[in-house]
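Two complexes, one shared chain (subunit A), two partners (subunit B, subunit C).
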Partner chain A sequence: MSKHANLERRRQAIYGWLLLTPAAILLSTFAFYPSLATLFSSLFSRGTRRNPAEFVGGENYSDLFADPTFWLVVKNNLFYAGITIPVSIFIALAMALWANSKISARGFVRTAYFTPTVLPMIAAANLWLFFYTPGLGVLDQIGALFGLPSVNWLGQPETALWAIIIVTIWKEAGFFMIFYLAALQTIPADLKEAADIEGASRWTYTRRIVLPLLMPTTLFIMVNAMINSVKLIDHLFILTKGGPSDASKLILYYIWEMAFAFFDAPHAAAMTIMVLLVLGIVAAIQFFYIDKRTHYQ
Partner chain B sequence: MSRLTPYLDSFGAILLAVIWIAPLLFAFWAAFHSTSDAVNFTLLSPWTLDNFRTAWEGAPWLQYFLNTFLLVTVVLIGQFILTTLAGFAFAQVKFPGRDVVFILVLLQLFILPEVLIVENYAMISRLGLFDTIVGVGMPYMASAFGIFLMRQAFKSVPIELHEAARIEGCSWFGILIRVYVPLAKPTYLAYALVSVSTHWNNFLWPLIVTNSPDTRPLTVGLSIFGAPENGVDISVISAATLMSIAPLLIAFLVFQRQFVQAFLRAGIK
Partner chain C sequence: MTAPFVVLKDIAKRWNGQLGVEGVSLEIAEGSFVALLGPSGCGKSTTLRLLSGLEIPDEGQILIAGQDVTTSAASDRNLSMVFQSYALFPHLSVAENVMFGLKVRRVPKPERLEKLRRALEITGLLGYEARKPGELSGGQRQRVALARAIVAGKPVCLMDEPLSNLDAKLRNSVRKDIKKLQQDLGITVVYVTHDQTEAMSMADMVVLMKDGRIQQVGTPQQLYSEPANTFVAEFVGAPPMALIQGAALHGMSDDQTIGVRAEHVSLTSAGKGRLTCRVTDCEFLGSETFIGLAHDHATGLTLKAPGLVTIPAGDEIEITFDDANLHAFDKTGRRVAVH
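This part shows the complex of A and B:
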């Protein structure tokens, strides 16, 4: 009997590993190995034909810390995250509350909110180009109706990053809305009735009952928005290319530029490692903080 | 005041909806009018298809469409096979080291493929897959997210069905194909919609690993076509943009409910 059980267990182990093998190979090739290789190459100098790469320890990192462009890019990305995360969450919440209430043209409203989600970032950037173009663009024409001067939204350092931020919010708010919408539909109707009987105002009901019940969803969306604030950079390629004078450059774009325009892989690797560290912190927040707080869902 | 609230709600909601859809509407307007009519908003100006004609002749769009279509198909087939096998292993097979490996897989959720572009590019070149569609798709095939999704789906299959199939003499593989896969159909559908729309829209990685019109997907083709140095005007860019988003946009408008459900199912797990 125990021999049979033993055989069965061994057979399961073999099946298990066999089933995993294809995925394990690809995950190792395109996630784990590259992460380690990035760490490794961030510790070496850039090899040329004459001077082969040699171990330089933390030099690539200290170069970055001494590079004002790096700090500008970090600052830009923090600003980008600091605006897009709260604003898109707030708009998503408003959208969901509206899309869930008894309003006219609800179908149209929901479709309109969600549509940007299915568009490529490149296409979104092209659509917005028509808004931002100085002189001919929609924004300038609206401004002209009120006698405002023409503004080169993408061409001046004060507004370029804002222009990028608006496209990101436009793209992701509708996506976040559907998670709020799903969560709102699980809130029992008798809570609303009870609040009405108690004479609670709509504002009190929203603030005291709806928002706390949506808290797990908010945290889930927040993690997604944080990841997006690293990941969503495609529109930079169309709208600003990080300019003018790096005013709208974000970290992932800078990594791309460093590696594929300046051919400086070691510094790109050092930056990549720092981004991975930040993502690791986000992962830790998700595992240790959010998962504990979602149990009542 | 409170009797006015529903109207205010409708007004606010519709106003936001109009703002949200405006970029698309303006692009639509511009694509069907001559550039000067488009930017001057000459409301009664004639509609035209010239912009589409110019855009279509300006780049090998048919090839780009085909490339994107092949890309999403290759990625989806790879993902289905790999995540089914791995998801099944994590859900229904007991073997030593399973939980440790599963945590490693979950870690990959946070190691974004976008961030590892430099090393993945080196890897793809080493494998001789640079500028091939398989090379564009390969890093996404063993998706940790898909493995997680499949594991959840397979875990919810009642064990009685598994036992019954085994008593009937079905092999492990037979049980997976005949019992688990059919029961997970909604998950496959949801995953397919999310995967196709993600890879249809993906840009940075294909930009790096493609180098010729024969492999370039639509997004990369569109970005090259619209580059300022090509000097194409706003109406033609709008036409090209609409053209390249049309298949996905139409699919979305027709199967809206399924799309939203798919994104929800994929996100909330």
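This part shows the complex of A and C:
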């Protein structure tokens, strides 16, 4: 190969590396290094002044597997994800289909749906605290009109997790709706007309044409909803603090408690690693399996 | 002529006071090829959409096969449509796209497959069943849209500028294919286009529209040789008809506009011409040359000369034409007898 071509290739390579550098530095500092450090510390015992930390291998993990609270929290989180993900996606889709159709005050409807997303989670939780408060709360006030007894929604194990789930759905659905709305607007109007000429009903059109064309968006939203079902715990601090008797405790809240309330960093690290692992596997399934069956334009 | 198959009676459609179409009346014979022609915004697409049922007219009546379908849903009108953008479902394969309507109407599977095979055979798409529209060329996509339109065997097919997304060469061949398809299947085609070549070469009947109103209905030959008004005269033909103010010509009445086509204009020696013009440009097309001419009281004057002719721009030449080949229009632009 001639000299100038070689030089050009080297120049291109350097150029590529330079473009990569900022992202690489940021990711290494704030994502890769902390993950590895967490993995590392999860393999050591908790150090005190007398007993310095020592390598214990998988002991922190086996401790967790033996901890009934850990299993309860995992169960809670699975239930929480199992309800919030499909329900918020379904509501988002329904709202988007409605807000995309020819209705009056369309702008207002869209804005109204989006409002919960704009509110910080802490503010939203405070708002819902007011709804849920026994006696004073809006829910009880409405219930009282129909002669229903006062219910302490956040204070009893049977309803606490449900109360949390509803706040999450309320918060997320509007956000996801925006993605669906954007995707719906990329579907050309003449597809609907072509379907009309063929005699397809609105339902057939939605099922056979709209939903498949929204699949890439659905996939994106699903990944986001899944991450949120682990990540979004701000409202727990305001509403229940994981109680009563751990009924509404989610895994990230438990990690936080472990690390900053019980000061047990190694066990928190071990739990973090497991969460990362599970999230990684699920994301891989979503992207490699569902992605293949999705049509991208 | 057979009884009209598709009838539009005094159709009007307005949007917020803006004109869509006004007073459109049309009778289309069964099995004929009708082109709706006109510049953009003339209401030809609106007329097609009213016919298809995608829009409902404000006034008037639409009949298809003797049935009043003015307010019927698009699917109840027993017609198919080819869209300008083809409107293929991007996530479905060619076969699924073509069979979409049959599936919706619950046609049994063996019949569906047989119809699919025939439609693909006619459009030359056999072997492409499993492809997605995104994997096809523009011409192939266009044929999928055609296959989808003919698969159900509807008697009327509406086409909204189906060739406008194809390149010039392909357009020529697809034009012939569509015409042949229409004749073989014996279907009635209503074809919207802004390209007069398409309209003139394919249609049995051309409907020329402007500003939401029909200007002239007739065979391509009628539109060319007997334009109903100055708009038709200036729209149809390449180059279009030249219009000369009557006052500029000796022996013509002052309030008339005289039209003459390029092929009827001939060059003559100095002193013998009926009009003296200045050459603006020469356009060489191979077998002939169009010489653009300028005159203060005329528009679009062109002289058609055989072979290659070059006259320097700015030269003064004299032209003449036969009275028999002239067209005359009154002050309002309507065609009148020459006198």
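Here is the rule we go by: the second predicted complex is superposed on the first by the 258 of 297 C-alpha atoms of A that agree within 3 Å, B and C clash if a C-alpha of one lies under 4 Å from a C-alpha of the other, contacts with A are read in each partner's own complex, and residues count from 1 in each chain.
Assume contacts are C-beta pairs under 8 Å (C-beta built on N, C-alpha and C of every residue); 3 or more make two chains touch, one makes a residue touch a chain.
Just so it is clear, the model here is predicted, and its values are computed rather than measured.
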item: Which of subunit B and subunit C A:G242 touches, first, second, both or neither; value: neither
item: Winner by number of subunit A residues touched, once subunit B and subunit C are compared; value: B
item: Which superposed partner A:G199 touches (first subunit B, second subunit C, both, neither); value: second
item: Of all residues in subunit C, those that touch subunit A in their complex; value: 52-54, 73-76, 79-81, 83-85, 87, 89-91, 100-101, 104-105, 132, 134, 148
item: Partner subunit A, residues of subunit B touching it in the complex; value: 5-6, 9-10, 12-14, 16-18, 20-24, 26-27, 30, 39, 41, 81-83, 85-86, 88-90, 93-96, 98, 101, 104-105, 107-123, 138-139, 141-142, 144, 147, 172, 197, 200-204, 207-208, 218-219, 222-223, 226, 234, 237-238, 240-241, 244-245, 248-249, 252-253, 256, 259-260, 263-264, 267-268
item: Of subunit A, residues touching subunit C in the complex; value: 188, 190-191, 193-201, 204, 208-209, 212-213, 215, 295, 297
item: Parts of subunit A lying in touch with subunit B, wherever the complex brings them together; value: 9, 12-17, 19-20, 22-27, 29-35, 37-38, 41, 91, 94-95, 98-99, 101-106, 108-109, 111-124, 126-131, 133, 136, 138, 141, 170, 174-175, 178-179, 182, 202, 220, 224, 227, 230-231, 233-234, 237-238, 252, 255-256, 259-260, 265, 268-269, 272, 275-276, 279-280, 282-283
